[in-house]
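In what comes next, chain A is part of two complexes: it sits with chain B in the first one and with chain C in the second one.
On to the complex of A and B.
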């Protein structure tokens, strides 16, 4: 894993000292709220419904066990004992006091964590594949490039006051676990015919009130030109993005207005003017960063583990966990383990301090000190030996962390919604809990198969509802919470934006409607078809019928 | 009926106006049936930038014979998150909390009286 050097550490300590001064000046009245708000947002501190909320960056969703334990300690000492993992692989604490924030930043800085680039109109923390360095699918380790972007973009002077926030995702596998096509920039690393690596560059995807699947503006960008090309994209955006209208300020609006071809042309024109020697990353620096990720100390193991096979044959619960939560690893004898934060009655994406500590211990003992966060609000132990799986499973199970439902109907993404968020129209969490309850029967959930339900409490779409197989959006209908359902979205490599099913439903009808949708799917699905495939084949009608026909 | 709400600067706690003070319980909040004292409370609050932020009036409705915020949003602020019934103000329980939990009412927009004007 990448280690921060002295410069990084000093920088974080300085940053936290600076914020301490700013908070003191705000409390004494030297700074007004209008002056202070952008400063606190630059440190990830929002004011929400009940308290301040601190969003801590988890660069490319990767943590070591010391960091995970520190997050647990912060949850316990400064919050009410839990944290919420987000769809951008960060963690949010819901009950923070302004007066404690500088001390929290100090404690984060001690373990190389911070809240920089988690808010504001800058280049945000980069999202990447939680299976990076572990999956055989990848053509390169995307963490290398995520780290390059982190170093380049952190407090980048030219790009700290963009027209609007700017989010980048990187994947190096054909199977996309980052929602790259709905980011401001999605980078998909590919191998060219000659064996060299390049990025497919997708620009202008996004969610929020105007969702777009981003178009590709460059099929194959040689990796050594990444930074100059990003600079060119950001320059065009910085110059022409709509600063006059917050709803039109994202790059997706600019790309849509100009057309992908014209936008690409302007980027190329800008790119040609950039001095590559200045802008691109020196080979030696790339090699240094790459080396940090190359040193994963895998053991040489047989591909088959008797302990694992025996446990699987004798323990049905373990076998189910393996079917749903354990994924193949590139290294013989190892596996990738998904830790679901979607148990029955759990708030999707929430982890208690105790759970964080359990997972931190498991990461340290059984996963080469490596822990990942997924954009589906779950955790991943990326490098677990097959031999150790029964022990890891038992430990997870004892802490309510072994729910075998990854990508199944109860693995629901939900934003904080009206339970916490100042921008919300409706709650998201209780709706997720209702649906999960409806599908508590794991046999049934497995029979239904992959089904991605995602819920947002307002049109900002933090819960990714536009790109859900079944998307649920909270709306305010004359002061009552209502929910608009949409079908057929996907945030993966086959990205698409969902279509609205029909009139919004009251809260107590949503879980039933999802049940009806699933029923309709089971009636017409062909062998091997996921919900999404069936929808794409048969369209909206049979589903509409199922939900609205019986309604009065 | 109206009340005046804010967040306390130092910790973000939701607070309610009560005769010149800011109190943490909705049950202790001052209830207004006239406009002038509401405007007065809001303007005093806005003049205390080192004490509170985001000062605004909210509409109330009757519930279980008591007054409760009209909008769902403001009831959640007066209670705490519904997914964690032991977190926030609701933790201490009691009649006022129960009345808030049972309250229903259709608010225009969010029940935040001056929301439209503020934007």
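On to the complex of A and C.
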């Protein structure tokens, strides 16, 4: 893994010292809350419904065990004993006191973690594939490029006051686990016919009030030109993105207004004027970063593990876990293990301090000291030997971390909603818990297969409801919480925006409605067809009828 | 009248402002250095510069493109880039283009909602004069501009960046 050197460490220390000074000025009354707000936001500190919330970046979703333990310690010492993983590979602490914030940032900096650019109108933490360096699908290691972007975007002097926030995602696999097509910029690494690597550049995807699947503006950007091209995109956006209306300020609105072709032309025109020798990353620095990720010390193992096969044959629960949560690894004898944070009655994405410590230990002992965070609010142990899987499973199970439901109906993405968030219209967490209860029968959930449910407590769409197979959006109807269902969205490589099913439902009808939708799907699906593909084949009508017919 | 701070060799200091910022309605004073809007500069700049008796500066709003000034830059003593709100980041691009693309050597002055917290970014983009709106002193500004021992990306200040330091 990439290790911060003295330069990176001193940078974080300087940042922490700066924020300590700003908090002192706020606490002494020298700064008003209005003046302090932009400063705290630049350090990921939000004022929520009940307390301050601190959002900590997890660059390319990768943590070592020391970092994971430090997050656990912060949850225990400064929060109520837990943290919440978001859809963008960040962790949020929801119960922070302002006076503690500088000490927390110091403690994070000690283990190379920070909250820089986790809020504000700047380039946010880059989303990356949680299977990076572990999956055989990838044509290159996307963490290398994420680290390149992390350094380039950190306190960028020109792009720290953009019209609106700016999110980049990067994947190097055909199967997209980053929602790249609904980011401000999605970078998909491809291998060209001549074997060279390039990025397909997708710009202007997004969710919120006006969801878009982003158009491709460059089919094949040679990798060594990445930074100059990003500079050109950001410069066109910084100059021409709308600043008169916060709801029309994201780059997607500019791209849609100009048209993808014209936007691409303006970017190319700017790109041609940029001095590539200054803007692009020198080969030596790229090689240094690449070397840092190349050192994963895999052992040479047989592809088959007897211990693993025996456990699978003898333990049905283990076999179910393997079916749903264990994914193939590029290295023979290894596997990728998904750790679900979606147990019954759990808040999706929450992890207790004790759970964080358990996975930190597992990462250290069994996963080459590497732990990943996924955009679906789960964790991943990326490098587990097949031989070790039974032990890892037993340990996870003992801490409520072995729920075998990855990509199944109860693996729900949900925003914090009205339980925490000052912007929300409705709660999201209890709705997720209702649905999970409805589908507690694991045999049935497996029979239903891949079904991605995502819940947002308001139109800002932090819960990604637009790109859910079944999306659920909380709305306020005369002071009451109602939920609008949509079908057919996807945030993956087959990205699409969901369509609204019908009138919004009261909270106590949502889980039943999902059950009815699943029933309708099981009635009409072809063999091996996912919910999403059935919907795409048969359309909205059968589903509409299943939910609304009886009501009429 | 906001006070002017200039940055010389990384040190900020109070400076005497010889320029008068004129609105489009103000009459041109008989003598003295002036800063004009872009429109007024385009209409009256040639005449003012022809007399050779005073220096002329131009104020650029965020929605105006500095490319339009390229031809005149060698004759312009000050480009004042306006921050109507500190959140409006377009002037950072304008400053970088002036320095890095057009090689502008004159003063780039930050005017409007200019706050000490932005000083570091401004200096990196090529600003070398400030009319602070928050009462910041040269001491405060110097500290703010030099807060970070390391930077990651090339900009107008030509500071060695992290990868240069690593290569040593």
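Observations, loosely collected:
Operating definition for what follows: the second predicted complex is superposed on the first by the 551 of 552 C-alpha atoms of A that agree within 3 Å, B and C clash if a C-alpha of one lies under 4 Å from a C-alpha of the other, contacts with A are read in each partner's own complex, and residues count from 1 in each chain.
The rule is short, and it goes like this: contacts are C-beta pairs under 8 Å (C-beta built on N, C-alpha and C of every residue); 3 or more make two chains touch, one makes a residue touch a chain.
Predicted model only: the values in this text are computed from it and were never measured.
By the touch criterion defined above, A:95 reaches chain B but does not reach chain C.
Touch criterion met: A:476 reaches chain B, while chain C stays clear of it. Legend: residue contacts after superposition of the two complexes on their common chain; A:419 is shown touching chain B, with no touch to chain C.
Of the two partner chains placed by the overlay, neither chain B nor chain C lies in contact with A:197. In the superposition on chain A, contact of A:319 is made with neither chain B nor chain C. Applying the stated contact rule after C-alpha superposition, one finds that A:492 touches neither chain B nor chain C. Of all the residues in chain B, the ones that touch chain A in their complex are 7, 9-14, 49-50, 53-54, 70-73, 76-77, 80-84, 87-88, 105-111.
Contacts from chain A toward chain C in the complex involve residues 5, 7-8, 10-11, 14-15, 17-18, 22, 38-39, 121, 151-152, 154-162, 235, 238-239, 243, 273, 275, 278-279, 281-282, 284-285, 288. Contact residues of chain C toward chain A in the complex are 62, 65, 86-90, 92-93, 96, 100-101, 117-118, 120-122, 124-125, 147-155, 162-163, 165-167. Against chain B, in their complex, chain A makes its touches with residues 26-29, 32-33, 47-52, 80, 94-99, 347, 418-420, 424, 426-427, 429-430, 433, 476, 478-481.
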